[in-house]
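Per-chain numbering from 1; labels A, B, C and D assigned in written order.
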């Protein structure tokens, strides 16, 4: 591996740190078609960005993402900013001929996502690649779940039951961070974590949701104003309160193209559940169950076995022939949250090298956005069952 | 305990066996106000009923439930027949001055349930008691869950997530037993097992569902005709097929009176889940989680503890001060399915002796019926959110 | 089933209640060769025995176990007293031509157990049957574990890891009940609960322990004197203290006849473990794991499956073709502690009717006693590996 | 952080990769007193070492570990070779004034470990630091377990039950890799994985084992000869067989200085257990349970709570105030195997900067070696209880 490919990353918060970790380590575990060079980190604040670049392993720091587009040593732009800036950066980067990997949700509106998808299609024709970063697809257990479905081990799928449960805003005094403001975040639980279970369910089943019935709620309508930069953590908060303009929780029922039914729930009010991204799938020949809080385990019930010896089995997804797992450690030595990002980077680099379109594409991201829009529409219309616009 | 009270039971299938077990054993473990005397078992077939009476411990057998009403040594009538016969038997028994305990669902229609409730109210005025047998309320772990909520340990409840998952009709060749026929069963998963999670959720929260959005599905529309008496098991089946006229699965979202949101799912198509009657409740101060497949465990998260030492704890509900558990065995010696029925009988006998109205009442059963009706109405109207009629 | 067989039971404490429950219910769930008639309960205190007989369902009460031997309507004597009285009662009953079922441990010394075994062999020649009541063998999951081993599903067994963990005497103020006195109980954790894991391990493997290395300890050497009748519960206690003369915990390593190694631990000081009778078996083709605190589950790892889809699976032991389970409820409807006793009674009655020797025999009980003796000998001799005397 | 410190690492197999990952990432997550510079990787084969250096992020490659000692830009030597070379490298490095971090087990004999400890003590007097790399101490859940014990949350500890279960040599055709040869590995399961549970138990309790009774076994006495470099994986194997000269499994009982009893088991024959490094500790006030296969969970039973609400709780060890966890991701976002190494490097660098002796010291490593020696001695002497030599 003598070839290299230059990378510029925008954003150095939670996602920026996670992606940096992936760029820093991918080559040590995977045979990559080109070694990524961590050329530049871009941010708004020069000092903070320089410090972050230094600690995260980026060779240089840039103030403002546009500088990345001007650099010849940057072939890939990795977008790790909040959702409201995705469209502008991604479209500009693609037009500048940079391959783009963009955090989810793709955008905060369907219109933006459509524009991004159009730009991605146009860029692809010129050999420029793009991907939306639904990291959970690259958790080995989720990828294994997909493999089981693909191999027909579940038979005809009847049920999907997916939840993304967190509890970080149960306390009404938790401040009004940007993720609780519609203009910054687009939506609340729905777009932030609901988007993940929609993508995961559609990925594992290999088929889209065709219609949904939604219900959303904002339990705590006002919260103390927060330090503007605060992400998931509280930061300093004020005694002045402002309105929460996104949902605290979003529930929906859905139908998949193949006839399966789904129940979905995304909430930040499930006390004791920290990052419970869960999915269970029941089919005529078998079932699967996954909870990210035990991310190295996939539970599989093989309904083809005699009833007397069947049961959900705990597959520790650390075997050599499990997706991604073989690149790391011996069996039983689990992976952590950040590894999915490393896998994502690896797959993205391979697609770029092979001239293939990486998945999930911007079109896939748009598809998720349309499901989110249908849920919001249904929720605003007495939960009436609402068709998802086809992508 | 020198006083006795005579019992007559109608029906000797699954529920008849479970109730018989309860009558046979309650006095050996609980201090009862009156010792139940198992006077008579009533059934349609004389020989089968006589054999069942003998093996189940009933002193005599009667052909036809009406004979029980004529017997002076029967003060309690226990109704364990399919739902379509409940109204007629219960109303007649109450009018005959017999205390009535009736299996769930109370009836197959709201109208019947209303008539039964009216009869129960009238009877109560004359000191005649009635109860609908939602057995899961008397599982110690469920009763403990209720106690935690009642004590305020969960704070403000935000979420309920309830499922009743079975898999006994996944095979499309499983025959068309009475539970799959609308005229016998009223509804499918919805009324049979969905009723249980509705009652359990309302019981644990201590508040009713006020509105729902429903979705139902019949995955397998035709099945081989079955031996008419077959219950849960297959019996002999035919090559001739008939239509399945009930739902295979029912999903719904709901709102509780106190503002909590609920997701519910009842299905007989969840491969590998045998009798997973599950409920999780998330509140501002704590959370609870229960799965009947591990019926001696209640999981409790105390959100008031410091985050660094909090987590869902597995309470083995076998301690002396747990509901019902102290009457049985030492800690760690679990109970089984049938014990909830014994507890039910014990509570019913105590209420009768004290001249109190046992819970759940026929009015509670009617309340569940109205939720079921609202779900069906919503499901037939594009899942539109539908108010539950107040009881 | 028109034939009957008369039963007399000695002892009405914990075990007496559990056995009574079994006699009362066996005929309602199993096709028995003869219906057991609960003829008489024998005890030392006339009033207490009469009251117990009444609540537990015995037709009469006798003062002193010898009266049972004189009754023609008693064909079976069920011994539920503490271990120090087993030998005398059992030998006399066998000599009186009564079939005997005797609680474990068979005796408090090897010599007594030998005498009992000799009496049992002599009685068997005359068609009189005997059995020692190791109830855990009849837990469906344990019986299923045995079936898997018997079928060769585990291949060559390499490891057994068994524990019986309780915590009821962690508090040093818990009084000096009879189970903590050598002259009444024979030994402490070792004989009471250690005996269970020895029997269970030998039963599941189908082969005996041939040698052991033991270590025992009494953590709390003095305790308040207790009300003499107190069993597992505290009763009233005194400020005067007396010496604990049995072990609080017993640990041992062992070798099985077939070459497997075992680690064993029996303790009443495992805070938070209430009745954790656990066994794990690892073989060349598979592994099994069981914990009585989740008694309806058997975990099975099929090592013959490809590594990528293998894992411990949770078999809910409630299927129709599981041992004993089919007689009870539909799949997923679990059993409780007492059911194992019902199964024991059922198997004993079948053996008696068939003129076969029931298992476990008194000789099996003697075998366990010899393992206990070897452990004590080893513990007293610096844990030196000590051969178990062959039975 | 402008200061830097140069690192040279010996060995590029399993442990070399894990340590490299730690050196590469520590600065991105922790505030370090000095930034580690990955100066050189040393190995025997020039080409392989150069390739490994390149993919693992080392600036240069050296043939032979002695070259590291001559380099001025190397202040730390990290030893990741098999155990038989530890003594020579470590002593030489310490004498050359390099800080040393050395993989476990410290050595293959007590004599070597004593020599290393003497060298470490001498070096420490000159400000040169040393540490043995028992990585499991730095798993957040294990560090939290230690914190609970230290805070007195467990009260008086009575029981430790520790196992390290793997299954990678169950197949008798698995080849004779170096880990199965006494001259290379020192011992088998005992020294490789048994050493881990000894260190973990002594660390969590904060007290040493004072005596042991051991039992070891080699189930498969001959195996196909292997490619000499093969580590955990099979590599190419031969039809010629050679003798296995180490134990396949090691069991032992032990007593701790404070009076607690321990049962220990290390085996590579536990089918289905991949890397089950487990420890349970029972004390008078609480209990803890950990299994590395679910490494982000610590189970804690608080025995001070009322029995009615007590139970083992699953603490997801990902909270900000948990050991190490706050440096990584938000709650619920778990860590993987390699993170413990990053924590180890972080603690080592802090100790070096502060001029403090890092833990575990070479003396601690010697202590573990003496326990191993006592077990071997006991196993060779009929499992007789054997005192551990004091360190």
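Everything that follows uses one rule, which is that a contact is a pair of C-beta atoms (placed from the backbone, for glycine too) under 8 Å apart; a residue touches a chain by one contact, two chains touch by 3 or more.
Because the structure is predicted, anything quoted here is derived from the model rather than measured.
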item	value
Chain A to chain C, fewest steps along touching chains	1
From chain D, the most remote chain by mean C-alpha position	B
Centroid distance [mean C-alpha coordinates] between chain B and chain A, Å	41
Between chain A and chain D, centroid-to-centroid distance (C-alpha), Å	35
Interface hub residues of chain C, defined as touching at least two other chains	273, 301, 310-312, 316, 331
Contact footprint of chain B on chain C as seen in their complex	1, 14, 17-18, 20-21, 24-25, 27-28, 55-57, 166, 168, 232-233, 273-276, 292-297, 316, 318, 328-339
Residue ranges of chain A touching chain C (in the complex, touch as defined)	144, 300-301, 306-316, 319-322, 331
Touching residues (chain side chain D, partner chain C) in the complex	158-159, 161, 163, 165, 167, 170, 213, 215, 217, 219, 249, 251-253, 255, 259, 261, 263, 265, 267, 269-273, 282-287, 301, 303, 310-312, 378, 382-385
